[in-house]
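Worksheet for the structure shown next.
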Amino acid sequence: MAKRSVIPFGPQHPVLPEPLQLKLVMEDEKVVEAIPAIGYVHRGLERLAQEKDYQQVTYLAERVCGICSFIHSLTFCQGIEELMNVTVPDRAKFLRVMWSEMHRMHSHLLWLGLTADAFGFESLFMQGMRTRETILQLMESTAGARIMLGTCTVGGVRRDIESSAFGEINTALDSVARDLDQMAPTILNDYSVRERLVGVGTITAQQAFETGAVGPVAKACGFARDFRTTGYAAYGQLDFKPVTETAGDCFARTQVRFAELYQSVDLIRQCMAKMPAGPIAVPVKGNPDGEIIARTEQPRGEVIYYIKGNGTKNLERLRIRTPTFANIPALLKMLPGCQLTDVPVIILTIDPCISCTER
Amino acid sequence: MSETIIKLLIAIVAAPLVGAIIAGLDRKVTARMQGRVGPPILQPIYDVLKLLIKQPIFLNRVQILYAFMHLAFMMLTLVLLILGQDLLLTLFVHAFATISLILGGMCVRSPYSRIGSQRKTLMLLAYEPILVIMVVGIYLSQGSFMASDVVAAGAKPLLLSLPLVFIAYMMAMAIELQKSPFDVASSHHAHQEIVKGVTLEYAGPFLAIIEIAHFYEVFLLFAVVYFFWAPYNLANAAVGMALAAGAFLFHIVLDNTFARLPAMWIVRFMWVIVFLMATTNIIWLYRLGTI
Amino acid sequence: MLTNVKEISRDTLLNEVAAMMPQGYRFVTMTCVDCGEYHDIMYHFDKDYVLSTLRLKLLKGQKLPSISDIIFAAIIVENEIRDLFGIPVKGLALNYEGRFLLTEDAPIAPFNKPVVNTETKSNN
Amino acid sequence: MRIFTFVNNVWQNITSRPATRLYPFTPRTPIAGARGHLQIDADTCIYCGICQKRCPSNALAVTREPKTWTLDPYKCIVCSYCVEACPKKCLSMNPAHK
Amino acid sequence: MSVLAKSPWVVHFNCNSCNGCDIEFLACLCPTYDVERFGVVHVGNPKHADILVVTGSVNHRNARVLANVYQQMPSPKVVVACGVCTSSGGIFADCYNVLGGVDKFIPVDVFVPGCPPRPEAMIDGIVKAVGILAAKAKGIETPVADKPRITVSPSPKPVDETPAQEPDEVGAVK
Amino acid sequence: MNDINTLALLGVIAGPVIFAAAIYFTKQTKLRNILVLGAALLTSALGIFIAASPSANVYPDSWVVYAGAGLEIVMTLAVLAIAYNIRSWAVGLFGTIQLVLVVISEFMHGESSIGPAFVVDDLSRVMVAIVSVVGSLILVYSIGYMKEHEHHAPATARSTNTFMFFLVGFIGAMNGLVLANDMKWLGCFFEATTICSFVLIGHDRTREAAKNAARAILINSFGGVALTIGAFLALLKGSTQYSGILYHADIIAFSFIALAGLVKSAQMPFQSWLLGAMVAPTPVSALLHSATMVNIGVYLVLRAAPAFVGTKLMYFIAIIGAFSFAATSALAIAQSNGKKVLAYSTIGNLGLIFTCAGIDSPLGYSAAIMLLCFHAVSKGLLFLCMGTIEQKIGSRDIEDMGSLLREMPLTTVITLIGMASMLVPPFGMLLSKWLAIEAAISSPIVLLLVVIGSALTVLFWAKWIGRITTVSYHPWYTIERISISKQSVLAILATIVVIAGLGAILLYRDLFVDIAIRAYQGTYISQSDMKLFEAAGNIPYWPFMAFIGLALVAGILAYFTVNASNVRAPFLCGENVPGSTKTYEFRSVKDSSHLAWSSSLYLRHIFEESKTTMWANLIAAVIILSMFAAIGVL
C-alpha cells in the first residue's frame, strides 16, 4: 500500500479566490479526507461593531463581504429598525429590493465566472464576468459605487432611483437577459460542462437537512427554503417562487443559481413597475435596546444577524451567521470520495464566501 | 551536406520564432473570441525575454538538467525531421522530450508539480499511441517510415488516405498544445486545481527554456500539418497553409468552447474513440492493401 | 424580539437538542453572548421560517458539552465559540483546540467582556 | 447534451468589437453621483469635527486650534457619511477616482 | 523600455480582504478592462510572478502566508497594495485580529486607495508598478511608496499634500 | 574446430561446476570468496574468448551423448526427489512423465550423431557472452551482497556455501544449455537450471520462500515436460538434435519446445513463478530471473525463427509475446514494490523479444538479439541496484526511495543510468523497441499490443525515475559506504550500459544487422521487409550525440553555476513552514505542521493486480490453446 498523498489546497491558490485551506488526503487523485483550515480572513468585525456607533455599523456590516455587501447592510438595518420600531417607507423597501437583487445577480454572475474558471472554461468565465459588468455599471449609476453601494441606512435608503433611470435599468436588464440566454445552452446543456458537474459533489436531501445547508445548496436538494418568501422588505408585494432542483449535485446547484438570475431580473422589473412614490427614509432617534434576530436571503442563503442593544449607541453584541458558515458542514460531506479535479468545482458550487464566514 | 547544415541552422533559429508568433496569435485570437483586445502578437517573445532576465530561482539542480534535456530533445526532434529521418524514431525522441519535462516536474518535492507530472504522463499515455498509429498509417500509405519520403515530390497526399487519422492527430495535437478540454497537466492560464502543474517549480530562465521548447513544439506540430497532410510541393503550399490555419482555428475554438475534462476521461476518450477512429482508418488501408 | 425561547440547563442540553431534529427543526446556529458572570449560549433552530431558541446560561469556567455528535453542523460554530469566548467545548467531533479562527499570537477570547481593548490602535 | 454550444458566443465576440474599454488611453467620464473621492471646501468648513466623529473608518482628523482638517485617503472608505453629516455642506464627493 | 515592462505577470493574494477589492481585481482581467493588453497574466504562482497584488489587511494567520508568497517571487518584483485595507487596515484597522496594512510586513511599491478601488484605479496602479519594475530591472533604487494625507486649513488656502507626520510614516519620502 | 576451442567450451561449462563444488566444501569465507572470484574470472575470460572465436560445431564421441542422456535422467530424478521433499504430487507427475519419456527415448534411435552435440554460432556466442560476463559480474557482486545478507537473513536460511554452489554452478549449466544442440544435453541443462532456480528461490527457507520455490518448480517442470515431449516427438521423426528439428521444420515438436520456452521465460499465463521468485536474494533475481535463465525461452525460439518463417506458430508466438508485454506493462503500473516492477518489466521485455522473434523478418530478428543483449545488461544492473538500495534503506517500496540521491548518490546515479537505458533514445532498449514496432508493421494485432505496451511502460519508469531523482535542495555530499565488490560491479556494469547504450546505433549497424543477415541467409524475405531493414541500418548517429551532449553540457554548466542563494521553498500555497529543513512541511489545521507528500500514480482502481492478472491469464491461455489448435495439435 502506497502512502497517501497529503497536500495543502490553499490559502494562496489560484482557483480559490479567497484564502481557505483544505488539507487534502488522497489516494492517487481520489480525495479520502478533506479538513478545512480557516482563519485567514478573520478580522474580528463583530467585536469592532460593538465599539462603533450603531449607525456606523451599517457601513461596517457592508464590508463583511464585498460580494453580498448590500444585503448585509440591509439585514443589519432591518434588525435595528425592528428593534427600534422604525417603520420604513414603502419606496425605500422597493429600492432595497432592487439593490438586493442587483447584488444577487452580480454575486451569481461572479460565481458563474469563477465556477467556469474552476472547470477550466475560460471563455465562459470571461462571458460571465462581462455580463456582470453590466450589473456593476447599473449599480454604479444608481448607487454611486460598483460594489460597496452604501445606500442602505437605518430608517430607509440614502439615495433614490428616479423613474427616469428606469429606462436605462430596463435596457441593462434586457442585455443581461440576452447574455444569459446565450450562455444557457452552454451552462445547462453542454457536454463538457455537464461532464464536470452532473453527479459530482452530491448530497442527499437528508444530509442537506442534517448539515443545516441553506440557499442554493439546500434548494438543489429540493428544499424550497428561501427567506424572501417571508416577505421582508418589499418581497411580500412581489410575485415569485423559490427555485428548486432535486438532484443535489453540482449541476443542480448550478441550475438553481442560473434560474435565480432570471428570477432577479424579473424581481427588479416588478419593483420598477410597482414602485410607490413617497419618501425614501425616515429620521431615526434614540438607541437600540433589546435582542433581535434579523434574517434575510443572501445570494448564498439565509443570513442571520443577532443584535443585542443596551440602550447606548454601542451595541452589546452583534453576531452574524452567514450562509457559507452554514454550508461548510455540507461541503465537508461532499468532498470525501471525489477526485482532485472536482475539488475546486465542488467548493465553488457551494459558492463559498470565506470573508463572510470568518468576518 | 553543407546545404543541410545551413538548412538546419535556419530551422533551429526560425522554428522558435515562428512557434512564438503562432502562440502570440493564439493568445490574440483567443482574446478576441472572449471579447477582449488581448496582448500584442509578440507577447510570447516578450515573456520569454523577460523570464530570461529574472532571478533564476530553483528548487534543486536536477530540475535544471531536465529542463535542458527537454529543450535539447525537442530540438533533436526538429533536426531529425529536417534530416528526413525515420518518423517513428523521431516520435520516440519527441516522447522523450516530454518525459524529460515530466521528470523535471517530478523531481521536486512539490505536490502540485508532481501531480502535474503524473497527469502529463497520463496525457503522454493518451496521445502517444495515436501518434504511433499515425506513423503506421503514414507507412501504410507511403510505404516508408522516412520523413523525406513523405514530403518527397510526388508523394501521395496523406489527407486523402488518412482522413480519420488526421482528426486523431488533431486531438493529440490539442493535448500537446494544452488546450481545453485537454489542459489537465498544465494550462496557459494557471487557474486550475494544480496551479501550473508541471512547470510550477520552474521560474525565470529555466521557465524560459521550457517556453522555448514549447515554441519548438508548436512549430513542430504545425509543421507536421503543413508538410505532411497536404502533398508537399510549392503549388500546393496553399493547401498546406489552409490546413494549418484550419487546425489553428480549430484548436482555439476547441479551447474556448470546452471545459477542462478529467485526465482519466481524456485517456478513455483517446484510447477508445480516437484510437478506434484511427485504427478504423488503418484497417481500411490494410484492406485496400496499399502496402 | 426573540420569540420561542426556552431556557435549558447544561444537563438537559443534549436531550433537548436531540429532540429537536426529529420534530423537523433544522439547526441554524448558536450564539454566544458574554453577560458578565455567565455566558448566554443560544441554540437556534428553524422550522417553517420560525426560529426557536434554546437558551443555556453557562457559568464562566464551566465546560460546554458539544452537540456535534448529534448535529454535525454544529462543529463549526462550536469551534468558533471555543475560539472567541475561550469556552472549552467537550467532545467536539473535529476539535481545532482554539486554533480555528485565531492563531496563537492573536488575542485570547477577544469577545469576553473584561478584555477591554486599552491601546486604541492607529487612530491618527 | 451537445458540444460546441459556446461557438455562437465565440462567433459573436469575434465578429463584434471587443468589450474592452481602452483605459488608460481613453479615460471614461465618471458617472455623475458616483463616489470617487472626498473633497473639501476649506473655506466653508468650520472645523467643528462632526465629520470626524461620524467617520466609520477614522479617516478624518479635525483640530479646532489650529484649524486643520486632515483626510487619510488610504483609510477613507468613500462612504460619504461625513458628507451627509457636515452641517456646512462643505464636503463633497468627486465622482472621479483618485 | 525593459522587456520586464512588457510582460508583467501578476500573482494575487487575498490577504484578509472582504472580497470587494478581490473581485474588482478580477474585473481588471475581464473583457471590459482586460489588463492582458499590457501583457499581464494572472499566474497564480508566486514563482512566475513579477507583480504581487495584495488585497486586504494582514491578520495573525495570513501574515506568514504573505511573507512566504513574497519570498517565493523572483526578483525584480513589485508589490501593489489594492484598497484601503491593504494600505492601512482601512475600516478594520481597529479590529483585534488586524495587524495593519501590508506595508508593515513587506515593502510596498504602489498603494491604490479606495474601498474598493475601481478597476481603473487598479490599472493605474499596475501601470505604475510596471514602471517601477522596469526601473528595478535596471538596478535603479526605487523609493518606498508613501501614503500622503491631505491636510487643509482655512487661511490663505494652501491645499497641499504634505507627507504624513506619524512616526511610522517618517520613512516615507515624497 | 581446434582443440583449444573445445577446451574453452568445456571450460565454460564444466569450469563453473567444478568451482562450485570446491566452493561448497570450503569452510573459510575468505577462500570461498576467492574461489568465487576465480570462477568469475575464468568464466568471463572463457566466455569472451568463445564469443570472439569463430562459429563452430562440436561433434563429440558417442559417450558424450550417452552422458547427456544419463545426466538428464539424474536431473529428472532430482526433480522427483524435490517433488517428494515438498510433497507436490503435480511436480511428481511432471517428473515421472519426463522420466518415462527420457527412458523410452533411450531405447529409440534417431539419425544418431549426424549433427553436432554442441554448437557455437552467432546466437550462442551472444548468449555465452551475456551469461559469462553479466553472470560473472553478478557473482562478484554477490560476495558483498551475501556478506550483508547473512546478517539480515532469517535463521532458517541455507548456508552461503550452498547458495554460492548453486549460483556458480548455474552459470555452467546455463552455458551448457545455450551451447547444447543435442536434445539430451539440452534437456539435462534445462532441468539443471530449474533446480538451481528452485533452490535459490527457496534460499531463505521462510514460508513464503518455500511456497514460491515450490511454485517455481511446479511451473518450470511443466516446461520441462513440454521440452521432453518436444524432444520425444522430434525423436519419433528421427532427429535427436535441435538443429535436426529445425532442419526438418518439425513444427509439432518445435511447438512444444516453444511452449517450454514460454514457460521458462515466464510469459503470460506462466508469469506467476517469476514474480514469486523475487523473494530470493537479489543476485538470484539479477542472474537467473532477469539476465540469463529466463532468456532460455527466447533463445530457443530465436534459434528456430529463421527455420519457421511465415508459419502460424511464429505468428502466435509473436502475439503471446506482445500480449505479455502489454499486460505486464499494465500490471507494473499498479506496483509499488520495486522488485516486482522490475520483474514485470522483465517479463514484458522478454515478451517483446518473443514478438520480434515471432515476426520472423531479419529486422525483427536483429531487434530481438539487440533487445536480448541490452535487456540482460540493463536489467542485471537494475536488479543489483535494487539489491543495494534495499539493503541500505530496508525497503523495496518505490515510494520510500525519495531521498536516495542524497543518501546513496553513487548507487542512485547508477540506478538512474540503468533506468535511463530503458527509456532514452538512442539507448539500446528504446532503439530495439523502435525496431520492434517497425518490424511488426505487417501484423496489426501485434503492432497494436506493442504500441499499447510501450506507452504503458513509460508510466512506471517515469514514476520511478521521478521518485528517485526527487531531492530537496540541501547540499548533499554523502560518501556512500558499500562493499568494494558491490561498488565495482555496479560501476563496471554501468559503464558497459553507458558505452553500449551510446553506441547502440553503431552496434546495431555493425553487429546485429550482420547476425540477422547471416541467420536469414537463404530464407525468403519480402521486399518491404528488406527495405525497412536497410533503412533501419542507416539511422544517423551524430545528431543524437550532438544534442545529448548539448543538453548535458548546458545542464551540467547550469547545474554547477546556479547559486544556492536562489533556492526557494516549493510552492505549498503559501503555507510553507519556514526553516531550511522543513520546507516541504506546511501549516494546516490547528497551525500544526504537516508533511506535504504526493505519492505516485498507481491507478490501482484500473490495474488492480489480481483482477487484471486473472483476465490476462485467461486471454493468454486462450491464445496458447489457439496456437496449438492452429498448427493442428489440438
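The chains carry the letters A, B, C, D, E and F, assigned in the order they are written, with residues numbered from 1 in each.
As a convention for this text, a residue touches a chain if its C-beta (ideal position, glycine included) is under 8 Å from a C-beta of that chain, and two chains touch if they have at least 3 such contacts.
All values derive from a computational prediction rather than experimental measurement.
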How many links in the shortest chain of touching chains run from chain D to chain E? 1
Any idea whether C-F or C-E has more C-beta pairs in contact? C-E
Looking at Cα centroids only, farthest away from chain F lies chain D
Roughly how far is chain A from chain D, centre to centre by C-alpha average, rounded to an integer in Å? 24
Measure off the straight-line distance from the CA centroid of chain A to the CA centroid of chain F, and report it in whole Å. 65
CA centroid of chain B to CA centroid of chain F, Å: 36
Per the C-alpha means, the centres of chain B and chain E lie apart by a whole-Å value of 39
I need the residues of chain F touching at least two other chains; which ones are they? 566, 568-569, 571-572, 574-575, 587, 589-591, 596-598, 600-601
Mark out which residues of chain B touch at least two other chains, giving numbers and ranges. 31, 33-38, 55-57, 111-112, 115, 189-191, 195, 200-201, 203, 256-258
Touching two or more other chains in chain C are residues 99, 101-103, 110, 117, 123-124
The answer for chain A against chain F in the complex is residues 1-13, 21, 23, 27-30, 35-37
Residues of chain C that touch chain E when the two form their complex: 101-103, 105-107, 110, 117, 120-124
Chain D touches which residues of chain B in the complex? 29, 31-38, 253, 256-258
Okay, in this complex, where on chain F does chain C touch? 589-591
Interface residues, chain E side, partner chain D - complex: 31-34, 37, 84, 87-91, 93-94, 101, 111, 113-115, 117-118, 120-121, 123-124, 127, 147-155, 157, 159
